[in-house]
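Each in structure tokens, the structures are laid out below.
Paired with chain B in one complex and with chain C in the other, chain A is shared by the two complexes that follow.
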Partner chain A sequence: MFGKISFNRKQVTDIGIDKTLETISQEDIKKAIERVLKKEASARLKVFVETCMRCGMCTNSCHHYLGHEGDPTYAPAAKVKQTIWDILSKKGNVSKEDIKKYARIAFTECNLCRRCVQFCPFGIDIAYLISLVRRICCLIGVVPQYIYDQVLSHMQTTNMLWFRQDEWLDTIQWLEDELRTEIKNGKIPVGKKDAEVLYLAHGLEAKYMTGLLINMAKIMNVAKIDWTVPDTDGWDYTVKALYAQDLETIGKVIRTHYETALRLNVKRIVIGECGHAFRTAIYEGVRYLGWKEPPIPYIHGVQFFYELIRDGKIKIAKKIKEPVTIQDPCNIVRYRGMGKMLRYIVRELCENIVEMTPKDDHNYCCSAGGGMIDAGPPWKSARIEGGKVKAEQIRDTGAKIVIAPCHTCHKGIEDLNDYYKLGVHVKFLLDIIVEVMEIPEEMRA
Partner chain B sequence: MEQFLKDPSIYTLARGPLVWIAFLVFFVGIFYRIWEVVKLAKKERIIYPYLSLKYTLRSITHWLIPYASISMRRHPWFTIITFVFHICLIFTPIFLLAHIELWYESWKIRWWSLPQSIADVMTLTVILCAILLLIRRVIQPDVRFLSTKGDYFALIITVLPFITGFLAHYELLLDYKIMLLIHFISGEIMLILIPFTRLSHMFLFWLIRAHTGSEFGAVRRSRDY
Partner chain C sequence: MLNWDWETKEKFILDINEYKEKFSFIHDFVVSSDGEKLALVIETEDKKLTLFINGERWNSSYERICYLNFLPNNSVACLVLQNYEWTMAVDEKLLEETFDYAWNLQISKDASTIAFNIKKDNSYGVCVNGRVWENLFFDARDLFISPDGRKTASYVRTKNPPVLDIFSFKEGVWSLAVDGIPWDKNFISIYGCNFSPSSEKVSATVRLDQQEFSVAVDGKIWDETFLYAWEPLFIDENNICVPVKTEEGFTVVVNGKKIWNKYFVQLWHQRVSPDKKKIAAVVATDFGKWTVAVDGIPWKRTFSQAVLSPHFSPDSKKVASVVRENNKWTVAVDGIPWEQEFDRVWPPNFSPDGSHILAKAEIEGVYFIVLDGKVGKESYDLLWEPQFSPDGEKILVRCIKNGRYYRKILTIGEVLG
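Right after this comes the complex of A and B.
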């Protein structure tokens, strides 16, 4: 009971962290810390650090703590203790070994889901403090390689997978051909001016998950939406720089999105089912650019589908009968209260809904978000372990389908499903809507 | 030492000027710390534009009513202990007859006071809760891992005036005058330290809840409780 508690972790190698640390100097570390903790951060850092009463109310709110049999080093405040408090108490004179530990904690043991904030009697924003740690690591260049590579791609191409502009245009063309095998005269308008909706896609929709883009195009055509996709870079809504806390790249990507929308003079931007992109576009991005709110409405897939169904723009032909459960993605539920809309949609699509407990804005994170899945294979077991509660939550519902309206939750839960043998199918709303919606006879190819 | 403590001039000092100095440091300190935070928050650009009175109040209410937050419901024992602890901690010294008499002596003001028996129970409750909190800090691994010397120190500083006050009143352990003197000094130390130690959560609580409450309510449209 009184044994010493220490930070014990399995050895993991990540060249983005280990190799970079070999090349940097003590001076680099010092400079990054000074800049982040002295110049960029101020009131929140100071007040959060001073006010924390070390009461432990936040401890069991975190899925990482729960997934590690109560190892106190995984508790939210403990992660701050082992990073920010440590840097402050060492007055910024930290070693490379320390940075390695900070990076591991900040990138692979916290999803920035902010559940712990709901549990702290003071409302201390632990996720913010952890993102400061990421910011320090990012300025030094110590970032998991898989994240870093995507950030570099965003810097250069504004998309996550080094896609060139002509590759995007080619892709849209053959996707439109494909769409027409199902929808008569189906269209994916490119760079159309004055449209109602500018649709941005997930980077993967242009390469490995093109089925999603085709499904979205089906819905747009059936619902007769006046829409378009960009004819330039900036078509990919993802912003992986959020995970690295590379604020400058966040700013660049988000600015490109809004500028594209304003250039095409559309009424609003609609994206698919993705948590981090939505959150960055309406919070981090706009705030970094100095705006209070997005300059034009930025609509998440859940909001968009909600409107389409509510307004009868798409009709549901048959409901799903198997038991389904709902994953509330933190980035749209805890960050934007979409739990009710999400449930409205699911009720319209499915007959048998079994909820997880806790749910809605108190839901547990899937353990894949906030960059943990993007940190790639070296860190897979970290998120599988952290996802234990999520797996148990899902198993307890007995559902056969998990609806996860977020790319990251989707992939994260698929991995949990494999590992914990949950025997479920993970689906996007989009998949289900296309499965059950009415496609008028005259539109069928 | 005993000679020193019995020296009437030390007693007069602790009963007179030191009290006023302590109160002065307490109030000016709090004022200064709040002003400092409010000024720093301006630099952050993203605090003030999003503040919302409605959601600040929503947040504060949910954290001032026992069990109105999910976190408190998950920690039933800790919640009851901390509520009782804080209530007794704040109200006992304000409504203690002996304290009011001192105010009357100095400024000729007085207000309603607690019956002695209730005041005693409340004092003992503070001490008991502090012991429970201390035990929790030592044996609960996650809390022990977080705790530093400052946390134990803050707890001891807080409870010392209650222990010494009680002992003095019932003339236990030490000579009445000496105990009273220690009581005065420990109370003064506590007041002086509040603005500058972790005890500052007493006023920073409201500021953070305003920020977090507004972020959750007005921007994120979800609950922070």
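Right after this comes the complex of A and C.
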């Protein structure tokens, strides 16, 4: 398999890749490869490279392969062959053109969703191998422009969008004013010490999607949670450095999150509906820093809402009647097994659930994850093409609402909805909970 | 602290229940260090906020009251929003100058300096004792006051390329401004600002490019670069210790040169002993094995979940840290954890002679004083961190029971009963 394969792609310009390549030397490339392969890569690299039998069992598992009508260059093992195996076979003596190709495959043709791992007879973690390719590219600065911009912001501000400190605080304060038009004495505590819960927000929730933050504040107030948000940097739970594999920035951001929690002496961190941030805070980030497990519990929105509903802290007044389907975000379902919790919540909120096929931990990736949506407009068509399978899955359900408890899935499916004309509404759990939950009369403003 | 009342056994200061009944909402409450004062941020009928200090109401009201602090003389400083403009209030007296935004109020140790970050006309800087830095910037993040209170510093953005101009950002847009004057170099990232004990020098860790980190002192970068570096710390005027990552692992360097022979999976929160002779730091000896190392020698006992900043005893002989294992917190002293475990425990506080350790802890939603690992007899609904008297004989307790705030003085024997 994969003897001779032809790599044909549409021309795409991304200055983060193309212009950067003009500025780096062959020596830079060689040094980065040596550092990653000889000093950073774990024994997994050797095991995976030596174990792969080229059996092709992973091929049909990949939505990019399926979305590109069986083009073998999109098969997971082929992506590895065209990148890390190529680097190994050339003993690190690779050209700038090679790097350009590796970057394209690693950043824009693999979502690191790990669906292929489930079909590999040996459990080879292709996402790990592709991450190594990203790491090599990152060390020489060859990263899609739109991802790199966010990483550069994280490096100093720890948030994804160059938000100044006053912008966060001011936003919270006006959101609290808004909250109080609906909830009597509604409060968004800022920098409160010794609270039970530290809530971290998605960067976009503080700027473009403030409705989500207000909805979370409503839930916190109605459920009478003793909570706070940070009064310092560290409020944004996103870690876009994961996509670039800028491990140093991952470390800085994740340490800031946990140390903010420890400084405020809260019992646990709760985040909203986001896949990559949860994965980084539970796996890549903490492990890079030396923790085997998070120093204090780090709770995803799905886990949090599950608790609130199960324990009766929020009560559902009415259920959604329209048919809904469920998107399973890879980073919380395939990586962390939250599929059952997610379905428990949706059953409590909705009357008519039509599952996608396949579902749960075998569901397909939305094609936007792993940094593909963050790679920005130049690469939009790549993820739309890769998302063809997801679009078909959704259409087949006949659902009117797609529940996507992940920012990336949410935006990615919205784009698929536009392109493939699916006629659905994409919603977060948060949207639906606030729509159907009971707000006691005495709490209403 | 010396002139605090260490004699009166118990003072009932305020019944918070009365205020809960009388007013629509209590936003916040803050206690003075000596425990004599309790400030309540109260929302009145007109949706405005005002302060009650030990029951005495301020005449003024505001749209917001933030960063409320007691000064050592028990004056109150806070940032307030009034008529949609931010400024600082000290005992109700407002600064003349107002700002588009003000945050991060900080007070120097001797209270000679009160400073905060400001935004004015879309520029950013620091206001120090009522005077704004002469230079303002595109952004100013965090605030640091020197030990003598005479200098202030903030991370500032000196260039303002548009979002997505990654090549300009990669050249570096961040610097450290001291009293409004930025260093002459920019970096892609700068953090860990630390003043020298005399306040003459200032250091910070800097990211030089995608792969190299170093330390800059007064803007001059060390010759040595590292795979990674955490925050620097002055040992004395001429020596700075920093946890750095090398190809062998994390270790401690002083002025760029390695001083520990050991390497660790992780190393941070280095602390210098009061006699300046020892360095203790939190380390991971292996993946998921956390402990404290003193001068490079780790405690034998490791903890799987977390180890927080080490605290030296005043005589520099002992080290205590908050540790977490099996989802419970406790304090370890020289590597030996207390037997009693807690849902939460706050940083340990050594007595002046180092013979006792005091901490606040939570068990099942109730707060206790813990002395040398033994839980005090009395429980509290709320408790601020207890403090030893200067002679180490007595303990100041600031607590709320049944909605009533008390200031108590206990002897060591009385704590345990």
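Note that the second predicted complex is superposed on the first by the 440 of 445 C-alpha atoms of A that agree within 3 Å, B and C clash if a C-alpha of one lies under 4 Å from a C-alpha of the other, contacts with A are read in each partner's own complex, and residues count from 1 in each chain.
Simple rule for what comes next: contacts are C-beta pairs under 8 Å (C-beta built on N, C-alpha and C of every residue); 3 or more make two chains touch, one makes a residue touch a chain.
Small disclaimer: the values here were computed from a predicted structure and weren't measured.
In the superposition on chain A, contact of A:Pro121 is made with chain B only, not with chain C. By the document's definition of touching, of the two partners only chain B reaches A:Thr73; chain C does not. Of the two partner chains placed around the shared chain by superposition, chain C is the only one that A:Asn185 touches, whereas chain B remains out of contact. By the touch criterion defined above, A:Lys292 lies against chain B and chain C together after alignment on the C-alpha atoms of chain A. By the touch criterion stated above, A:Arg54 is placed in contact with chain B alone, chain C being left untouched. In the overlay built on the shared chain, the residue A:Ile5 is in contact with chain B alone; chain C does not reach it. Of the two partner chains, neither chain B nor chain C is touched by A:Thr357. Touched by chain B in one complex and by chain C in the other are residues 287, 290, 292 of chain A. Touching chain A in their complex are the following residues of chain C: 24-25, 27, 43, 64, 66, 100-101, 103-104, 117, 119, 124, 139, 141-142, 155, 163-164, 166-167, 169-170, 174, 188-191, 207, 210-211, 213, 227-228, 247, 265-266, 268, 284, 287-288, 290, 304-306, 308, 324, 343-344, 346. Per the touch definition, chain B reaches chain A in the complex via residues 37, 40-41, 43-47, 49-50, 59, 63, 69-72, 74-75, 78, 82, 137-148, 151, 198, 200-201, 204-205, 207-209, 211-213, 215-216, 219-225.
Interface of chain A with chain C (complex): residues 15-16, 19, 39, 138-141, 145-146, 148-149, 152, 155-157, 161-162, 164-166, 169-170, 173, 185, 187, 190, 194, 231-233, 246, 248, 251-252, 255, 262, 265, 267, 287, 289-293, 295-296.
Those residues of chain A that touch chain B in the complex are listed here as 1-2, 5, 42-44, 46-48, 50-61, 65, 70, 72-73, 75, 77-78, 81, 117-125, 283, 287, 290, 292, 333-337, 339, 358, 361-362.
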